[in-house]
Each structure stands twice: as C-alpha cells, then as structure tokens.
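Next up: the structures, one after another.
Both complexes shown next keep subunit A, but they swap its partner, so subunit B is in the first and subunit C is in the second.
Then we have the complex of A and B:
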C-alpha cells in the first residue's frame, strides 16, 4: 500500500524508513510550501487552526503523489485536534478520493484502539510483530538521532561566523541521515553529522541571549508553520530551546520520561487542570525556563487555539511574578515574515537592554 | 553643521527627519507612501536636500518601518532598526520618564511599556491588520468630513452612539446602520472613536500595565477625538509629543548618531534622489521554501538582494556601503 504521513519538522526522515520497513511504499509529501497552504486553506473550514490547514494541504499533496493511506496522530483533552482526523477524512472523501486516514490517539487513552490500528497496518504490510519490534528500535534510534542533531544545530547557530552556514550543514545532515538504514549506520551517520556541525567555525566569545520556546506542538516543531523562528533567532545570535521535540513527546506519552510532569507541577499554582492541547505546558515550561535563568520566552500559538489563548492570559501573571518577558505570537495564514521579524528584533532588543541593565546593576 | 537623517517607511506614510548634533529637529516631513516607497523616499530626499543641503552635512542615517530594508538601500543607512525600538528611543529622549507609549499608525498599532527608560514589554496587533489610521481616513472620506476636522466633531458630541468595534469591518457596517437610524454625525463619530479605543485596549493593550505618563503618538494622535476617548477610557491624561507623527524617524536620527560614532557614514548623499532605483523580484525554486527574492538595481547595477532564507542570493552580491 502507498502510505503517507504528515510532515512535522525532521521526523519524515524516520517515518519514511518506518513505513518502508513494515512493508509499505512510503509517499513522502513535499515539504510544506505556499502551495500546501493554498490547497489547505481552500479546502478547510475557515475557522480551523493553522496546523489543520497545513495538514490538509499536505494530505492533498500526498494524495496527488498516490497515497492510499495517511497515518497521523490525534490530540488529547478538550482540544479540537482530537477530531481533526475525522474532519480531514470527510473532506478527502467529499473531494472524491478513496484515501483513508488513520489517526493514532495517545496509547494511554486508547490502548486497544491503538493496537488494533497498528495491527491493521502491519497485517496489510505482511510484517510480523516480531519484525516490527526490530524495525521500531531502528527507527526510534533514527528519530532520536535526528532530534539530537537538530538540538546541536540550534546550539551552534548563534555562534556561527558565517551567517546561514549551520542551516546549510543541517540540511546536508538530513540527507546523510536519510541514507542510514541499520542501527550501526544510524550511529555512524549521527556521529558524522555531529562532526560536521561542530566543525562549523564559531565565535565562542559571543554571549547569546537564551530564549525558551513554548506553545502548541505542531507550530513549535514544523518550521514552515512558525516561519522558521528558531533559525531566524539563531541567526540574530540568540540561543533557543523549544519545549518539545517529537522523540521527547513520544517518551512522554509512553512514560519513558517525566518532563511533562515537572511542567504540569510548575504550572499548578496558576492552572491546575488539563485544558487541552499544550496550554498547561506553555504555562509550566515558561516557569521552568524562568527558573533556569533564560532571558525570555516566546509562546507560539495557532490563531484561535483555545488552550493557548487561556495560557496567554495566565502568562501575563507568570511573566510578572517571575520577571521573565514573554512574547506571544499567533500564527495564521497571513502572518508575514517581515512582521514577525520586527517583533522578534524588538523582543531581542528588549532582552538585551534588560540584561545590560542587570549586569550594570550587579557591578555598581 | 553636522546633522542626522532618519527615515521611517511605513505602509501608509513615510516620514523623514533631520536632527542636529544637539538633538534638535531641523526639518521633518510626513508623506503618503501611496504604495510607491522608492519614489516617495526620493521625493523626500529631494525636498530636504533643497532646504538643507547647503547648511548641513549628514553625518549618519537611520531607517525603520516595514520597508526598512528597502529604505536602507535607497539612502545608504548606518542603522537599520525595528519600529518598536525606534519609537522607544525617540520617546525616552523627547518625553523622559514616560512609562507607556500608545502608538497608532496607518496599519500597525502598538503599545510599548517602559520602566526606567528601558522597554520592558510591548505588543503589536498580530493577525488582524487593524489599520485604525486607514480606517479613520476611509470613514472621514465616506462621511465627506475632512480628516482634520474629524476629531473636533467628535468632541462636540454630547451622547456618543455605541458602535460595535470588534473589527473595522463590523464597525463600518454598524456605523452605517446607526446612520440610517438617524443619529447625528458627531455622535456617530464620537462613538466610532470610543469603539476603536475599546478595541485597541482590549486587543493590543490587554494585560499590560498602563501607567502614566502615557505618550500617545503615530498619525492617529492628531485626532483629538481618539485622544479624548483614550483619556476617558483610561481616566488619565495623554501626552502627545510635538513630533508625534514622525517619532520613528526621530528615533532613527538618534540611533544613527549612536551607530556612526567614530565611523564614516554610508549616506549616499542628497543626489540619491535622482538615482534610478529599480526593484524586481523572483521566486527562487532552489528548495521547497520558494522564497520571494527582491533585488534592487541602482542606475542599472544590481546592488542588493534579500528575502531568501538560505543566503544563496543575498550573499551573492556585494553588500551596500
């Protein structure tokens, strides 16, 4: 079967291998572009959020490339993302395509359903559970490696001497990782990529500002959705750390790590219940960043996203209590790169002034 | 005499200011951009050049506004800054001690919170273009009232009509509705001012500590009706600085002065007004980003490119200056 999946940051490199090794033909959709956006907004309900629209466009482009099955993940809690898969499916059907959309909801929430769907995909791909476990371990390695490479790239970028060099090397790294298949190859490829990134000439005398990024998962991870905010800030000489990477998210949902719990606990004095999406995490992570001495926090939110709107109003108070500036950016179809740049530059200026003042105060 | 040139090119208006060494404004221009930033900036340069060219020597230039990259190429800029910083810089010089800046221009509106002379928080209208200035212009035109008299008329109203101000589109249709019910023009205009202020405070100003002294600037600050509506809603007095409509450009002069300290200016000279600038653009097909690359020719020579994410094009030509 021709199987496709959404593009979300660098994860497609790993998903491609996963689909291939469980016996299906992977259809990698084109990286989101203005065309994806046009398709997505044409066939989506107007008030759906930007992740929905980009996914819609991606699915339609995947269908053009022949996808018969699209695998995606659902949301949990009272967030619209929970039924987006269903809406996508109906729109696809109404347009006259037979392509099926399978939504994997969180393992915790729907254990039986999760395995039923997984079983269907394995059966149609003629892959046994035993084989799947082997594939899973390899692909997991790959996903982890991809995230580690991305993290390193974000670390190097604020120090790069030649502007844009890191992004260029990072793109090359993705191509290298795409070639690696076995666990040994993945390990070697990762090391090669690390070397490439570390060899970028860096000016270590810089003292980059540190900005934490919080917000809804899709707009955090997919650079097309957030107008490549991390690279843009990195090239302004700012170090950024975002709240979530896909491998981390999977570790959390499968209880292999407990960072979310820490954020939820930190948020408790301000918000003590799940409000869906990543709202509570936006609050909690902001507090954690403040405690870790970050200079500022940027909240990324799809326009009209209720969990993030709730978080935004709470963040005003958090910002005051913890003395950490927070900039909220609502992303939508018409969000312009230039407008975003203006806000980012102003935010960086603000943080720089604050830092100088703080240091000045410490000296006198 | 040494002087500094500040240029602020926005979507609706273009502002040019020349300031001397003592931070005194020598000359200021407020022009309509009319969708032709290149022509308008050159017109501005020509006017200033004729007036001041013989007396002053430009020692530094600064640019800001949504077209700051373009403006930087046109005049040869020493400092290129975002509008928020430029406005804050101007206010801290002209209105020392100000704690809040309300800024409403043609398309953008923003709020800047300052404490002890540094910016501590700011917000700008995000998804909606708001366009309060343009909207008021449009309504004045529709009501056949010169925009200059718009504010005075609003002040005459004894009982303003309540107008739905969630968004300009709704406000307009509600306004037409109220007109057809037979309300007096001044009551409608006053109601409109209140609606826009309510909208601003609810969207841009939400959650911000608006502490006095409050400075009100941008083109809309000329509108006494809006100023009165703000004062009523906030229950405090607003300061409208003398150069309220060109504050961004004033800030640029100050930033330019800072930027050229011990350096030679990149200013192209007043004669840049006569250069032939030609902007063109193309879509780069190098990767899925499909960046729109802008390139500028000066007298037939390619001098700058920008807009590409990866630097493939912008690094390919010698940078200006």
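Then we have the complex of A and C:
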C-alpha cells in the first residue's frame, strides 16, 4: 500500500524508514510550500488553525502522489487537533478521493483502538509484531538522533561566522541521516553530523541573548509554519531553546520522561487547570525560562488557537511578576516573513537594551 | 445575610442561571446579575479582555467588570464538564476563564471559581452545591439540601419550557419569578428554520442583533438546540465515529442531525462567533451533513463586536427569500406531474 504521513520538522526522515520497513511504500509528501498552503486554505474551514490547513494541503499533495493511506496522530481534546482527522477525512471524501486517514490517538487513553489500528497497518504490510519491535527501535534511534542534531544546530548557529552556514550544513545532515538504515549506521551518521556541525567556524567571543520558545506543538516544530523562526533568530545572533521536540513529546506521552510535570507545577499559581493543547505548558515553561535566566520568551501560536489565547491572557501577568518580556506571535496563512522579521528585530533590540541596562547597573 | 452574589448575565447564564439563582436565594443570599448585554458590556469587555479572545469571552469580561463593584462575591464557576461522556468538556476558554479574569481585571472581590466537573463520582452536583454553601459560611446542610432541591426543580422547569418552544426570555423570567408562562403573539409561520449555535449567542438578542424577533416578523418558525427532546438528541451521537470534545458543540451538531434526519426544517442557520475554535469543526461538519442529507440550504452567520444590524438582516432576508423561491419552484415541478 502507498502510505503517507504529515510533515512535522525533520521527523519525516524517520517516518519514511518506518513505513518502508513495515512493508509499505512510503509517499513522502513535498515539504510544505506556498502551494501546500493554498491547497490547504482552499479546502479547510476558515477558522481552522494553521496546522490543520498545512496538513490538509499536505494530504492533498500526498494524494496527488498516489497515497492510499495517511497516518496521523490525534488526541483527546479539548484542543481541536484531536478532531482534525475526522474532518480531514470528510473533506477528502467530499473531494471524491478514496484515500483513508488513520488517526492514532494516544496509547494510554485509547489502548485498544491504538493496537487495532497498528495491527491493521502491520497486517497489510505483512510485518510480524516481532519484526515491528526491531523496526521501532531502529526508527526511534533515528528520531532521537535527528532531534539531537537539530538541537546542536541551534546551539551552533548564533556563533557562526559565515551567516547561513549552519542551516546549509544541517540540510546536508538530514540527507546523511536519510541514508543511514541500521542502528550502527544511524550512530555513525549522527557522529558524522555532529563533527560537521562542530567544525563550522564559530566566534565564541559572542554573548548571545537567550530566548525561550513556548507554544503550540506543531508551529513550534515545523519551520514552514513558524517561518523558520529559530534559524532567523539564530542568524541574528540569538540562542533559542524551544519547549518541545517530537522525541521528547513521545517520551512524555508514554510517561518515559517527566519534564512536563515541572512546567505544569510552575503554572499552578496562575492556571490551575489543564486546558488542552499546550496552553498550560506555555505558562509553566515561561516561568521556568525566567527562573533559568533567559532574556525573553516568544509564544508561538496558530491564529484562533484557544488554549494559547487563554495562555496569552495569563502571560501578561506572568511577564509582569517575573520581569521577563514575552512576545506572542499568532501565525496564520497571512503572516509574512518580513513582517515577522521586523517584529523579531524589535524584540531582540528591546532585550539587548534591557541587558545593557542591567549590566550597566551592576557595574556602577 | 445580606451577602450579594454576582452572576454575569452571559455565557452559562442562559442555561444554568435558574439553578444557581434558586440555590443561592434559597440559602438567603441576594443574587445580583449584570444588566442584559449592552454597548457598555461590549466596550468594557473589549477593553479588559485579550484581543484574540472571541466575542462571548470578551462580553464575559465586560459583564464581570460591570458587576465587580456592586457585589461582595462573584460567582465565576470553572465549567469543566456536566455529564459523563468520553472526554467531553467545555471549550478551553471556559476551562481557563476564572484565571483569565483574575489576570486581566484589577480590583475584583472574592471569587467563587469552584470546578463544575460532573463527570465523576456520585451525586457530583449535590457535592458541588454543598461545597459552595460551606465556602460561603453556610453551616446547616439540611437547609442547603432544601435549596438544592428547589434549584433542581427550577432548572428542570426552565429546560422543559425551552423544549416546549417558550421564548428564552419568557422562560427565564418565569423560571426566576415562578410565575406562569405568558406567550407573546407572533404571525403564523410558513417556514421552519433550525437556528443552531451556543446558547450565549442564540439567546442574547444584543449579540445576535435581535435575530429571533426578525425571524418571527419574517414568518419564520425558529427551532433551536434546546427544543430537541433530550433523549432524541442523545441518540444522534451515533452519527459520528468520535464525539466532539466540547459540550455545547456536541449538542449543536446533534441537533443538526436531528433536524436533518427528521426533515423538520427548510434550512439551517448556524450562528457562530468570529474566531470560535470549536465552531471551525462544527460548522464544516454541519455544512457537509446538510449537503449530503438532502441538500438542505445552510447559512453561517458569524458575529463579532463589529456586526451591524443591517448586515445580519440582509443576509437572513436573502436566505429566507431563497428558501421561498426554492419552495415555489419545487411546487411547480410537482404540479407538472400531477
């Protein structure tokens, strides 16, 4: 079967191998482009959020490439994302396609359903559970390695001497990782990528500003959705750390790591209720960034994202209490790269001035 | 006791006020509501709320701002869920609403923001009532029980009246004062329309710019979510493979299924707020269902703080005109055959 999946950051490199090794033909959709966006907005409800629209476009492009089955993830609300698969499927049918959308809701809440769907995919791919476990471990290694490489790239970028060099090397790294198949190869490829990134000539005398990025998971992870915000800031000489990577998210949902709990606990005095999506984390992580001495926080959210709107209204108070500037950016299909850049430059300027004032004060 | 409890006249007010009014007055408190939504609540709301919030949330801020200096305690419950169903809750903005209010409006009195989560445990509503009464310093649980029973009766009566098609203002008034229902005169309708949406849009005639009065003048009988018998509404849930997450959305979508399946209406008007998150899903679902189940005409009416009377009127008139023309054409087709 021709199987496709959404693009979310660098994870497609790993998912491609996953689909291939469980016996299906992977259809890697084109990386999101303005065409994806146009297709997506044409067929989506007007007030659906930008992740919905990008996914809609991506699915249609995957269908053009022959995808018969699309695998995606869901959720249990009250964030809308958990219901998106349902609506995507209806729109796809409405357009006259037969492609099926399979949505995996979280393992711990819909255990039976999760395994039923997984079983279907393995059976049609003629893969045994035993083989699957082996494949899973390999792909998991790959996903982790990809995230580690990305993290390193974000660390190197603010110091790079030649502007844009890191991004160029990073793209090369993705191609290298794509070639690696076995666990040994993945390990070697990762080390090679690390060397490539570390060998970029860096100016270590710089003292980059530190900005924490919080917000909705998809727009944090997918550079097309956030107009490459981390690379843009990195090239302005700012170090950024974002709240979530896909491998971390998986660890959290399967209870293998517990960083989220810290953020939730930090948010308690301000927001004592899970509100779906990443709303409570946006509040909690902002507080944690402030405690760790970051210079500022950027909240990224899709336009009309409800949990993030709640978070935003609370963040004004957090920002006052902790003395940390917070910039909220709502993204939609109208958001332009240059407009965003101007806002980022202004924010970075502000942070720079605050830092100088603080340092000046300390010296006197 | 003379303690004044403030209840904003918006959002949950339109569904749950009869209960809380009877409950608090049964305990001897004075219940004070804000005035019906007006220009002032709107202006205050726009001023106090985060600008990305939807109209109903802004209005809630406005009503709270109007009330805060007139009362001793504000009742701003955190609505989480009201029944056992999968993962059904209220919209995330409702879940975080007390926190939004607290972090946006200065100089608030004491707030009762007890969590209304009726999906778990036994007699959750009674336990909630007890908790609130005790928090207000009320020690005689027997009296609380008496107030609780009265409150439930008032609420049941209100819901029954709404289901029978009593106009919401009349139903609310009779539920609160306990007087018998007096129905206003309206022209005999020749069109039936389902007006679907959340109670705080549907039943607030400032927000929807007098939609129901206008429909009545145009000879349209309006059918709402609350007019579907509860058990009939419930069974419509099986039309979707996954329940929606939001209480009011589930009700609206199910009502749409009901009216479409029973072929009771000539068209559907979905009343929504600009930028409403859940409605991005709800609207598309209803639109596709209306199309696939007999091509029923469907209109989305999106409201925000800039919505003007003329705009709404024109669109609704055009819609009803279209329905009548359609009907005439349909009739003439039938007459050809026989």
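Throughout what follows, the second predicted complex is superposed on the first by the 363 of 364 C-alpha atoms of A that agree within 3 Å, B and C clash if a C-alpha of one lies under 4 Å from a C-alpha of the other, contacts with A are read in each partner's own complex, and residues count from 1 in each chain.
Just so we're on the same page, contacts are C-beta pairs under 8 Å (C-beta built on N, C-alpha and C of every residue); 3 or more make two chains touch, one makes a residue touch a chain.
This is a predicted model, so every value here is computed, not measured.
A.B. asks: Under the stated touch criterion, which partner chain does A:316 make contact with: subunit B (first), subunit C (second), both, or neither?
C.D. replies: Touch partners of A:316: subunit B and subunit C.
A.B. asks: When the two structures are overlaid on chain A, which partner does A:272 contact: first (subunit B), second (subunit C), both, or neither?
C.D. replies: A:272 contacts subunit C only, not subunit B.
A.B. asks: Return first, second, both or neither, reflecting whether A:46 touches subunit B, subunit C, both chains, or no partner chain.
C.D. replies: A:46 sits against subunit C, while subunit B stays out of touch.
A.B. asks: Of the partners subunit B and subunit C, which touch A:183 in the superposed model: first, second, both, neither?
C.D. replies: Touch status of A:183: no partner.
A.B. asks: Quick one: is A:100 in contact with subunit B, with subunit C, with both, or with neither? Answer first, second, both or neither.
C.D. replies: neither
A.B. asks: Scan A:87 for contacts with subunit B and subunit C and give back first, second, both or neither.
C.D. replies: second
A.B. asks: Could you tell me if A:262 is touching subunit B, subunit C, both of them or neither one (first, second, both, neither)?
C.D. replies: So A:262 meets neither subunit B nor subunit C here.
A.B. asks: Under the stated touch criterion, which partner chain does A:307 make contact with: subunit B (first), subunit C (second), both, or neither?
C.D. replies: second
A.B. asks: When the two structures are overlaid on chain A, which partner does A:241 contact: first (subunit B), second (subunit C), both, or neither?
C.D. replies: neither
A.B. asks: Taking the two structures together, which residues of subunit A meet both subunit B and subunit C?
C.D. replies: The overlap between the subunit B and subunit C interfaces on subunit A comprises residues 303, 313, 316, 330.
A.B. asks: Considering the complex alone, what residue numbers of subunit A touch subunit C?
C.D. replies: So the residues of subunit A touching subunit C come out as 45-49, 52, 76-80, 82-84, 86-87, 90-91, 94, 109, 270-277, 279, 303-307, 309-314, 316-317, 330.
A.B. asks: Show me the residue ranges of subunit A that touch subunit B in the complex, using the header's touch definition.
C.D. replies: 30-35, 163-164, 167-168, 228, 231, 303, 313, 316, 319, 325, 329-330, 332, 334-335, 338-339, 341-343, 345-347, 349-350, 353-354, 357
A.B. asks: Please output the residues of subunit B touching subunit A within their complex, sorted ascending.
C.D. replies: 66, 81-85, 116, 118-122, 124, 126-127, 207, 287-290, 309-311, 315
A.B. asks: Mind pulling up the subunit C residues that touch subunit A in the complex?
C.D. replies: By the definition above, subunit C touches subunit A via 49-50, 52-53, 78, 80, 87, 89-93, 95-96, 99-100, 103-104, 115, 240-242, 244-246, 274-281, 283-285, 288.
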